[in-house]
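Naming follows writing order (A, B, C and D), and every chain is counted from residue 1.
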Amino acid sequence: AGALCLADYESLAGGLLSAPVGDFISGGSGAELTLRGNRSALDRVRITPRVMAGVEAADPSGRLVGSASEMPVAVAPMAYQRLVHPEGELELAQAAADAGVPYVISTLSSYPLEKIPGECWFQLYWLRDRAVVEGLVDRAAGCSALVVTVDVPVMGRRLRDVRNGFALPDDVVAANLQTTREAHAAVPGVSAVAAHTASAFSPTVSWDDLEWLKRRTELPLVVKGILDPRDARRAAEIGATAVVVSNHGGRQLDGAVASIDALPEVVDAVGNDIDVLMDSGIRSGTDVLKALAVGASGVLIGRPLLWALAVDACDEAFGLLRTEVTDAMLLAGCADLAAVKGLTWRNDG
Amino acid sequence: AGALCLADYESLAGGLLSAPVGDFISGGSGAELTLRGNRSALDRVRITPRVMAGVEAADPSGRLVGSASEMPVAVAPMAYQRLVHPEGELELAQAAADAGVPYVISTLSSYPLEKIPGECWFQLYWLRDRAVVEGLVDRAAGCSALVVTVDVPVMGRRLRDVRNGFALPDDVVAANLQTTREAHAAVPGVSAVAAHTASAFSPTVSWDDLEWLKRRTELPLVVKGILDPRDARRAAEIGATAVVVSNHGGRQLDGAVASIDALPEVVDAVGNDIDVLMDSGIRSGTDVLKALAVGASGVLIGRPLLWALAVDACDEAFGLLRTEVTDAMLLAGCADLAAVKGLTWRNDG
Amino acid sequence: AGALCLADYESLAGGLLSAPVGDFISGGSGAELTLRGNRSALDRVRITPRVMAGVEAADPSGRLVGSASEMPVAVAPMAYQRLVHPEGELELAQAAADAGVPYVISTLSSYPLEKIPGECWFQLYWLRDRAVVEGLVDRAAGCSALVVTVDVPVMGRRLRDVRNGFALPDDVVAANLQTTREAHAAVPGVSAVAAHTASAFSPTVSWDDLEWLKRRTELPLVVKGILDPRDARRAAEIGATAVVVSNHGGRQLDGAVASIDALPEVVDAVGNDIDVLMDSGIRSGTDVLKALAVGASGVLIGRPLLWALAVDACDEAFGLLRTEVTDAMLLAGCADLAAVKGLTWRNDG
Amino acid sequence: AGALCLADYESLAGGLLSAPVGDFISGGSGAELTLRGNRSALDRVRITPRVMAGVEAADPSGRLVGSASEMPVAVAPMAYQRLVHPEGELELAQAAADAGVPYVISTLSSYPLEKIPGECWFQLYWLRDRAVVEGLVDRAAGCSALVVTVDVPVMGRRLRDVRNGFALPDDVVAANLQTTREAHAAVPGVSAVAAHTASAFSPTVSWDDLEWLKRRTELPLVVKGILDPRDARRAAEIGATAVVVSNHGGRQLDGAVASIDALPEVVDAVGNDIDVLMDSGIRSGTDVLKALAVGASGVLIGRPLLWALAVDACDEAFGLLRTEVTDAMLLAGCADLAAVKGLTWRNDG
């Protein structure tokens, strides 16, 4: 049987992927408290729908960080998509383009960023070598936004990967980088991917670097991985167009607050100055509705779309997601996204 | 063994009904968060009983939306009752009449509304064809109230039905309508019943339509499916006699707040202007007591009575319910419904 | 293996008692929400112990409703103790006497109240026949207190008993009453014990009756089964010496608040005017400590002692309980009961 | 497979230790509510990490009660370490020294305190015989701190030990004491270790004794086992250098508040006057981070290190712990411990 809802791709993909690859995608860091916390926190949010709104068809379209978007959704940056599908990024980005949804290219994409179709944002990891960073920023000039991920000074300890001795297969590489083979050879006690991160990424990236980057690019700047309102304010002051409230899907600091729980204070802190996106744990159209009611302008969705890619069902997945989002809007009496923002909610449990 | 309490009919009926019919009745939309949330929220409500009230026999009778009622309970409108019993609506309505409890006829009843015995209210779904609506309203003139259901602009995505390819059997029809065969043929990805709803119901129904209806009928108007206090106020302003705080038994917006949790704010909002009924998750006399203590004037009960109908035990079910209600009243020291409203409660958990 | 703690008697007795008798004792009413709620509410209470108190040996003795008591504990009134042991009340009361703890004789004791040894209080159910009530009150003149149970206008619906068709065996009778055989013959849909209660007990008992009783007896009056602070005040005004905050061990109104959760408001309401005892769910010395820290002057313990009686281990049970109470006091740095009352606590979870 | 995280040593050791020894270590008192509560309370604490802090390498070093320490961690005093490893205290203390972490020698160590290597603190149980106490204090002069444990006036009832008839094997003795054989012979109903405690320890130890001790020693005084802020203030007034907020790992008063939940009020009470350490339930670097964010200056870790000793992996365990701590600091954007203290947190659940 196929997928009846976006969340179904997890089990569908589970049957297809090798255990180490499945774990690499599903897993979180440490005891996976934050991974689970993202879901339970979203489940606790309860919406109060409106009625009699006279809505023929809900319109979930709008602008997201300056991109037109058919839904308040973008595809989260996810590394190495060839792990699950030979066409990897090409396939998922094309489906996103067809669905009218921005696609965020990871620094660690397994196809070169120039080859990836559609309306794309480029996600930047801060590499130790400033020249490489400059090169990436230049190459990303054709993208519609630059997403700087700030929650990976080092990679979180993902114990499933360590246990599995996870390493990239030979034919999956960080295609944007002159990559060493580091990510392909597991070392005891640390996953190969984490080892690569440790040697390639700069843990010392700071707000000064962000200011430098702001001057260096004309793209709208999105700061991804913020949970503390003080950091959100700082990003706004530097001129970011948006922040993404995120705990990296529970893959970085285990024990970090759930994104949806951190969202209200961040929204309070930056008021209407900049856009506040959110990710980590979104699994359905109802979750999108919840994030918007709680205060986000839009969400990134990660794993569910990667699982859909794994079973070669990207178009279907975006179709289901659109159905779920418009369905939730209609049932909540919301003609458009502005109406969604006016919904009240409570924390139940 | 028979039923010892109203809740027992669920498992008793479970053994008799086909899986798709059982699922159609039991199921909710999406991940069924709201379906489960209705129950856990009711379980969390804890009552503080009174003692030494000198009550010989508790009297649960009163008026419900202008109907005399032996208990603060009405039978919730439920479509297609022939699905579970050949006499369907006839049987359940007769038992309700014998128990002195109003019966709400669904727009989608499988017997014509004119044939259904007892003190009935008519539930109206807003159909796209205004003439059909007018016809139904005219035909309902002999009922004691008109219940407009406002939480079904479209049908919620009930994944069990989609999975089962649920469609109506040939001999079960929407007897009040010149129905097409749509509800009888499953389409992949959508249940036949949902498809029928989509084509027949008007999603654009609005407060203006309710005003029109108010002028068109002399029956007391009940607005069913309200959770937001702002909507309750609006219904009161238009002249509704009552609202039903309801999330449609968890069958519409998954992630919607539990009815019992939404109740206090709605009661606050409409004060003493109109009656506030409640449904979704009521399974026992104690639950009825809780709903009244929290602020409702009465409740609708859905599934438990349909399960009782399935095992041909409607009279017994009303008897058990009455026992449970009067028993709970006596144990809480309440001679009548006014006393129940004076009980204090807390949210435990 | 024997009992290591008071709570162990439940499983030890479980192996010995017939299922219907075991159920009669363990069970609660309805869905047993309150039965379970008593336990979870007690578990949630967390104590902040004190240290360096210089306590050689904790002294848990004090006065309880005018009786000297070696522990802040009395044996709760429980009907028909011959159900679990041929010597029934005689055995358990003797053990209580040896432990220096008051024993409350039930109206429905299976030995006549005059035969029961030790420092006893008499528990009165309000029977329909005023002459019988007067007779019982007169016969109880030798007891140290009169406990009027006010939460049984009718018996709660205990579904286990209904399911089991529970009835008293021939050799177990309500020895204080000219009892009919009613409690010995099960009727479908209602347990024999409940049927007997319905015919013998007066549901109309009221505060006026309590005033009458207050004039009629010189014993200290204890009102058992109060949860609402308004009722506690009323009892105090009538001249009661104590109230017992109790939901009858989850056997009466299912959905009633846990006793320990109701306790603080009752204590607030009656201030220092009268004693506030508490029961329902106490299973250990730590629970006793909790009840006192939350505000009770003492507790009644029911089922654990009946289970101990079933395995003929009453003395051992009182010994264990005393060990648990003094141990908890020592570990909380409390030399005496006054110190226990000064402990702070929080609700965790 | 080896340990991937500090918590893994529990199951690794579980396979090696005899059941009674495993239970002696893992177990708590009573129903083990506090044992479990320590963990659930720590899991509920959620941290809000900071980003872009420009941290090359996190530095977890600092001073702990006057000792330089490579991490804000000390090894909790634990009796009889030869139970799990022939070299017992020698081995674990050496590993602590190599890791640059203080080791707390138990009064009940199975090697004499003089033999134990590295930077040590001595933990004092207050024995009935004042001369023995004086002797221990004198012998501990070479240690860097004196830790007085105040939550063991008697030993908590650890039912696993009673059930197992737990007694020390012949070759494990309290090497600092002229010990009797008491701890080696189980008595029915009480563990041999508890019996020994009862006869050897003084339950009457009081604040006066602490004042005496303060005058008697020049070592910094640490009072271990405090949960109530009033006791913390008292310790500060007497001149203690630090308190340890602890419930003895759930081994003393069952039902006591979780240490992490008690921590904020203690920190509030003693302000900046003295150091506040914390223990009970710490199982990972993230837990260390949480304790510091909530207000502790450092933590003691007990069982995980004993389990590591059991599998002869002390060095590896300290290595893992250091990795976990620095990793958590980096991911939370903290260059040093001062930054950790500035993190915000919430209680989730």
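We take it that contacts are C-beta pairs under 8 Å (C-beta built on N, C-alpha and C of every residue); 3 or more make two chains touch, one makes a residue touch a chain.
Keep in mind the model is a prediction, meaning the values are calculated, not measured.
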Chains touching both subunit A and subunit B: none
Interface residue identity across copies subunit A, subunit D - same or different by half: different
Farthest chain (mean CA position) relative to subunit A: C
Copies subunit B and subunit C - rotation angle from C-alpha fit, nearest 5 degrees: 90
Approximate Å spacing (C-alpha centroids) for the pair subunit C, subunit D: 41
Rounded Å distance, subunit B centre to subunit D centre (Cα mean): 58
Subunit C residues counted as touching two or more neighbouring chains: none
Touch-based graph of the chains, sorted into line, ring, star, complete or other: ring
Chain pairs in mutual contact under the definition given at the outset: A-B, A-D, B-C, C-D
In the complex with subunit A, residue positions of subunit B that touch it: 30-31, 33-34, 37, 41, 150-151, 153-154, 156-157, 159, 162-163, 189, 203-210, 225-228, 230-231, 234, 247, 252-258, 261-262, 349
In the complex, subunit B residues that touch subunit C: 1, 4-5, 7, 43, 45-57, 284, 286-287, 289-290, 323-324, 327-328, 330-333, 344, 346, 348
